[in-house]
Each structure stands twice: as C-alpha cells, then as structure tokens.
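Below, each structure is written out as structure tokens.
In what follows, chain A forms one complex with chain B and a second complex with chain C.
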Partner chain A sequence: MKSVLIIEDDISVAEAVSFVLERNGFRTTRVETGAAAAALLKSQHFCGALVDVWLGEEDGLDVLASLRAQGNTLPVVVMSGGGPGHTLESVSARADVLDACAVLFKPFTDEELLDAVNRSCPDAGCAAD
Partner chain B sequence: MSEERDIAPDRKARGIALLLEQTARLVYDEKQPRALHAVQWSALRYLERAGAKSRNVAGLAKYLGVTSGPASRTAASLVSRGLAEVMDSPTDSRTKIINLTDAGHAALEHDPLNRCARIVHELGDDELSTLALALNKLHSRLSKPSDD
Partner chain C sequence: MEPLNKDILEAIDRSMIGYAIFHRDGRVVHASSSARYLLGFSPQAELIGKRWHQLDHDTEKMQSLRWAAYEDFLASRAHWQGVLRWVWPDGSKRYYDSTASYYSDDQIVIVLNDRTEQVLAQRKLQERERLISNILDRLPLGIMLQDRDGTIRYINNELARSYGVRAQDAIGRKPHDVPGLEYRNHIEPLFDEALASGAPVTGRPLRVNAGPLKGTHWLVHLYPLAGSSGTLDRLLTVEFDRTDRVRLAEEKSVYQRKLHELQKIEALNRFAGGLAHELSNILHPAGVYARALKAQPDQPDREKLLERINTAVLQAGEILRQTLSMARGGTSGLKPVDLKSFLEDLLSYAQDVATTGLVYHLDIAGDDLIAMADDVELRQVMLNLIVNASDAQNATGNIFISAGRGGIPPAEMDIAPLSAGPFVWIEVQDEGNGISAETRANIFEPFFTTKKRGKGIGLGLAVVQGMVTGWGGIVSVRNSAKGGAVFRVWMPESRAHPQVPAVPQGANQKDAIQKDDGDTE
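Entry: the complex of A and B
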C-alpha cells in the first residue's frame, strides 16, 4: 500500500484529503509542522507527500526547500489557497523551482487530488515499510 | 584600498539586485501595441493550470494577488480577445468558470517566459540547483514584511 505524508495544519483539510486518499487505497500519516515532518521522514518511508503552503507561522515551501537542501527527493504535491505574501502565482513558481510534482489550487476536486498524487507517485512498487 | 574592499560586497549585491530587475523586464520586451501585458500572460497560465473548481475570478484574484475587480477586468480582456470564454461550471451550475479557448492555448505556445525558460534549461545542473535555491530564498525573504 502506498504511503503518503500529509503536512497540513488545518485539521479539517487534512482529514478530508486523508479520507479521499485512504478510500482510494493509500495509507496516510498527518502532521501539522515542518519539524514533525522532517522527524518522521528520517524514520519512515513514504511514497510521497502533500504539503500545504500556509502552515500557521511556517511557510510550507520553506519546509520543502529545507528538505531539498538536505538532499531529500521525495515526490511532493503542494496545496495552496493563497494568502498574505503568497500569491498563487509565486507559490506555483517556487513549487516548480523546488521540484514539486504538482500544485493544487484550493478548492480542488477529489479527482484532481488523486490525479496529482498518482502522477507524483507512479511507482506501483513503492510501499510503506 | 581598505575602504573599497569594505563597500565592494554591497556594490556587488546592488548590481545583482539590479540585474535581477532588468532580467525580469527583458522577459516582456514586446513592443507591439497588441502585445499582451504581463498580467494577461499570468492569467492565461493560471487558466491552463487551475482545476475546474478554482478556474474562476476568485481563483484568478488569489493567483494574481489582487482583488476581484482587477481580476475580473483581466479575465474580461482575455475573453474580448477570444483567448478565454466564460461557461457554466460542470460541478456547480450556480457558478461560472473561465476556460481557455483554442486561441488561448495557442497563445501560450508563444509565452514570453518560454525563451527565458529555454536559456535557464541550458544551465549546468550545479548552476541550476544553486540558482533555484538562491532565488527561492530571495523570493521567500522579499515576500515577507521588510525589517527596515
């Protein structure tokens, strides 16, 4: 079963995303901060991750940049609804620069979510530990 | 001599900042009167990339970082040029979505960013990686409130 890490501080969004993915055969793990994600990625294997840009005090793209700077090449899908200092245009550009597989603009459909995750984690052999 | 050494890093940083600004201007160096403005190109890119539930004026406004008025006018300018069309949403009949027309898709093949992207693509892997991380850091810092 493919395992996806969801980095999202809005519990309702995290639950909704998790529900859709699990109903479609993924195993999901939810964390609310970049630090929690970084710690988990050191000890567990994931096939991919979904990261929200607006993580309270944190910038999800800074979290992704930090992972990339450490050599982490995990396939990542970025989610954003925009916000102060985060036009969706700049979010898209930064996500592309940081090798995100896809950017989902909120609100998105279940099909768009599944398509983005399936495209980012195409390896059927990828599975959780 | 020592004074020149002290100011050199600052001068170099200002030179790089100016070069960044000039480079960005060069992307849209089109002089023709009918040429699309940068914001119209941005809107076309958004409409190509956004999903069905966010391909509307509210989504475009968040993409561009403007209020709904300017976003609506930008969308209308694309519609009047035949590059986009407003239709009923397939997921919610009470709302409208904005789709690119065939002409809109064709216009994006001539997106002025393409030339810049091709040049960036020719950079070596190390150069590209360094540039990507540096620009990401610069953009992240500039998008936060100034300490000045």
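Entry: the complex of A and C
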C-alpha cells in the first residue's frame, strides 16, 4: 500500500484529504508542522507528501525548500487556499522551482487529488515499509 | 589776561583739576600737585626739564603721535580741547578732559580733569550695546523696537533682511516710509491692539499675503515697554518665521492621509488572503464529504459526514457575519461619548450576563472623559475585549477596566492613528498569562487566532482595530506588571459634550423630572 504524508495544520482539511486517499487505497499519516514532517521523514518511508502552503506560523513552501536543501527528493504535492501574500501565481511559480509535482487549489475535486498523488507516486513498487 | 590769585589756583588744584606749564619745546616748567598725582608721579618726582609727551608709559609710537598733535596745536596758536590718553607705570590707561593754551609767547599751560571712570563706563556700555546688537542680529528671528507713533528705534538684521531693507535705512523712520517695510501692514492691527490694551500680544500666527514675504507664515509676539517715566512708550515686536514648520505640517498631514489609504489597502489585501485561506479550508472538506455521500448515500459514517458538512456551513456563515461587521467600520456615526456613563452602563449589563466567579472592576480617572467615537461600535469593541479577557482566564477572577486621558499610542505598531490626539482611552486588563511578543506582533491580523477552531476564527481583534482606527484612534496591547494582557483603546478626545446624556433612563433625578414634565403636557 502506498504511503502518503499529509502536512496540514487545519485538522478538518487533513481529515478530508485523508478520507479520500484512504478510500482509494493509500495509507496516510498526518502531521501539523514542518518540524514534525522532517522528523518523520528521517525514520519512515513515504511515496509522496501533500503540504499546505499556509501552516499557521510556517510557510509550507519554506518547509518544502528546507527538505530540498537537505537533498530530499520526495515527490510533493502542494495544496493552497490562498492566504496573505500567497497569490495563485506566486505559489505556482515557487512550487515549480522547488520541484513540486503539482499544485492543488482548495477546494479541489477528489479526482484532482488522486490524479496529482498518482502522478507524483507513479512507481507501483513504492510501498510502505 | 587777569592774573589768577594763587589761592584760587590751589583751591582748583585741591579739587583734583591739575595744571602744568611747559615750554614750547615740551620741557616741563611746573606741575601742580594734582597734575603730578593724575599723571602718576609722586610729589618729589623729578619732572622739571623733561619733555612732557615722553613722561608716561605709552608706546613710543603713541608718544610720537602725541607730539605730532602738539606741533599742530603750536602751529595753529589756537586753544586746544580734547581727551588726553595717558598710561600709568602699572600699565593702566587714564583719560583726561584737557585744554591747552598759550600762557605766554613761549609757555603753554595744560589743564587736566580726570574722566577715566566715565570714559571706561561709556566704552563698556558701547561694548555691551555692540554685543547685544551682535546677538540680536544673529538670532533666527525678527526683532523690532518702535515708538508709540511707529518710528523704528531698532530693527535687527534678520528682520531687515527678510524685507530687503538695511537696518540703518529704517531706524528713525516709520515702516510705511521705508520702501520694503510698507508690507508690514499685516502687523498693524496687532500693534494697535498691544498699544490699546497695554498688555503683551503673544503667539499670534500670521500669514503674509503681499510683498516679498508673500506666502510665509510667522508667529508674532508684541510687548509694550514702559519708558523711564513709567508710561508705555515703546513696543517690542518679536517674529518667528515658521513657514518651514507650517509646510512640514501640511506635508505631514497629506502624507499621513496617503499612508492611511495605503494601510487600508494593505489591510484589505491581507484580509482577502486570509478570508480565501479560511473559507477554502472550510469548504474543501464539505465538498469531499458531499461527494462521498452522493457516490454512496448509505455510508456507514453517514451521520458524521453530514454533521461535518453542517459544521463547515455554520463556520463559513460566522466568518461572513463578522466580515460584514468589519465592513461596517469606516463609520460615519461619530459623536461625543461620555466614557464614564458609557462604561457604567456597559458593565452593569456585562456583570448581569457574566458567569459566576467573574468580577469586573471599573476605575475612571476624572470626569469629562469625552471620546469622539461611534457608541454602537464602541459597545461591540468593549464586548469583544471583555470576552477575550474572560477567555484568557477561563471565565473566572477579576477583569479591570479603566479610563483616562493623555499619553500617546506606542510608536512601534504597524499602523498609526489618523488623529494626532489628544486622546482619551479605555483599558481592559485581565489576569491571564499575557501575550508573547510574537503573538502581539500579529494579534490584530485578520484570521490570526490562538484559539482552536470553533472557539474563535481570529476576526474579533481585527474587527476591533478596524472600528477604532475608523474613528481616528488605535488599539494597543501590552502585558501588565502582573503578567496579564492589557488592551488600550485610544480614541480622539472630543471637545464637545454629548448632546443627550448616555445615561440610561431614570439614572438621575434630572432626567426623571424632565420626563414628568413631558408627560403632563
């Protein structure tokens, strides 16, 4: 079973994303902060991750940037719902630079979510450890 | 020439008017005892036969100049009268009113009257006048002294220069007789006022509308001065050019208005971003669960999913409701609000609905604290702050509410109040754990909250700040010495009083009586 990490501080959104993915054959793990994600990625294998742009005090794109800076090549899908200083264009451009697989703008459909996650985790052999 | 009686000569000499006789060639023939004394010699000093002009301790150059003047006198054969400068052995200078005249064909008599004290005093006076004049000329303000009839007795360089005239051309004349100074007629009403009242006219701002100083701003002070007879006979005018300051203030107010506009736009941008984020987070799960229910209506956790959709709709509704109340900010309903009666009324209501264990304390410093605010909005502002305070201490303990006037809002805030003050304020202080510096920096941002979802959506303080800045005020926050949070609502002070007392009906006798009158009519 493919394992996906959801980095989202808004519990109701995390639950909803998890709800769709789990009903479609993924295993999900939810964390609320960049630090928790980084810690988990050191000890656990994931096929891919979903990261929210506005993580309360943190910027999800900064979290992604710091993962990339550490050499982490995990496929990542960025979720955005706007927020101060986050226009749709600026999020897309920066996500692209940070080698994100896709950007999803909330509210997105289940198909969009599954398509993005499947594209980012194409390797059928990428299973949870 | 009638010969002088020797006794008379001695009497004159005793009164310290000395005389000496010398030969045409300058050699001393006789010196009276006063002359010896005045010239710095003892009664026994050998003077006879010595040339008079070399007897003092002045420089050789001065002595030769003295000799040249003496030769001129000899050649003219007329009387000479003037001041003789003499240097004593100790180097001090003496000045004598002197006369020189022929005593006989080849003898000269010189009479000496000591004027040293007077000459020195006069020099000191002149020096003092020069010093004062130097200071007055260098001051960056205009100074003029005039007689009652307007005749200029003194004008300093600064003022003369401002009008393009020279001080020496103006002194002794009236302003409208001096080309350039005729443009000073804007001062005349003040001049007449000071003369008529005999009292100083101070701090009058004047804008010059004609002449070389057109468009400049001055602050004018006029002081009537009494002469030696005690009557008012002079008028001193002191004028400050404050054009730069006035222009700076004008620019500042334009700049402040622009800044306020920018702040509003920036706040709107932040608000739009926050609103988008918040609503998308609420709507997204609702969509997920609605689609799941549509695809499979008989889900096992059907009730739970429906409840989540319902919760999302309610949350979105709450955000819209508060957004509307925020949009109402930028109020037009400003009027004087008496903070004392407002707070007493508000707290009697708040205490009624408060949970048991929560006590409000009211402390109002002085009467007549009148704010220029929207009382309906102020009520909402206060209820928001009181609810926050109550939440910060789990709805128990004390909440301290105080009101006062004065002070200025802290400068380190992101936004500045539109009003320059003076301010009156209301403070709400809780017994909670206070607010960290990081949180304080963001606390008025829309959608910023430290509460869990469902408890607050982070619009309360943004609404409060929006309303208060709409009145020209601001809300600041700090931690008290005891650690709790202190919110202060700064409002522009109103000079006018409320037209209708904000006290609820029947709260004082006078109202009740007026009401009775109304009923009987």
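Everything below uses one rule, namely that the second predicted complex is superposed on the first by the 129 of 129 C-alpha atoms of A that agree within 3 Å, B and C clash if a C-alpha of one lies under 4 Å from a C-alpha of the other, contacts with A are read in each partner's own complex, and residues count from 1 in each chain.
In the analysis below, a residue touches a chain if its C-beta (ideal position, glycine included) is under 8 Å from a C-beta of that chain, and two chains touch if they have at least 3 such contacts.
Computed from a prediction, not measured in an experiment: that's the story for all the values here.
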{"item": "Joint occupancy of chain A by chain B and chain C, clash or fit", "value": "fit"}
{"item": "First, second, both or neither for A:97, with chain B first and chain C second", "value": "first"}
{"item": "Which of chain B and chain C A:65 touches, first, second, both or neither", "value": "first"}
{"item": "Following superposition on chain A: angle at chain A, chain B versus chain C, Cα, nearest 10°", "value": "60"}
{"item": "First, second, both or neither for A:81, with chain B first and chain C second", "value": "both"}
{"item": "Which of chain B and chain C A:110 touches, first, second, both or neither", "value": "second"}
{"item": "Chain C versus chain B - closest C-alpha approach in the superposed model, Å", "value": "7"}
{"item": "Contact residues of chain A, present in both the chain B and the chain C interface", "value": "81-82, 85-86, 105-109"}
{"item": "Of chain C, residues touching chain A in the complex", "value": "269-270, 272-289, 291-292, 308, 312, 438, 445, 453"}
{"item": "Residues of chain A defined as touching chain B within the complex", "value": "59, 61-62, 65, 68-69, 81-82, 85-90, 92-94, 97-98, 103-109, 112"}
{"item": "Parts of chain A lying in touch with chain C, wherever the complex brings them together", "value": "10-13, 15-17, 19-20, 23, 54, 57, 81-86, 105-110"}
{"item": "Complex interface listing, chain B residues touching chain A", "value": "42, 45-46, 49-54, 59, 62-65, 91, 132-133, 135-137, 139-140, 143-144"}
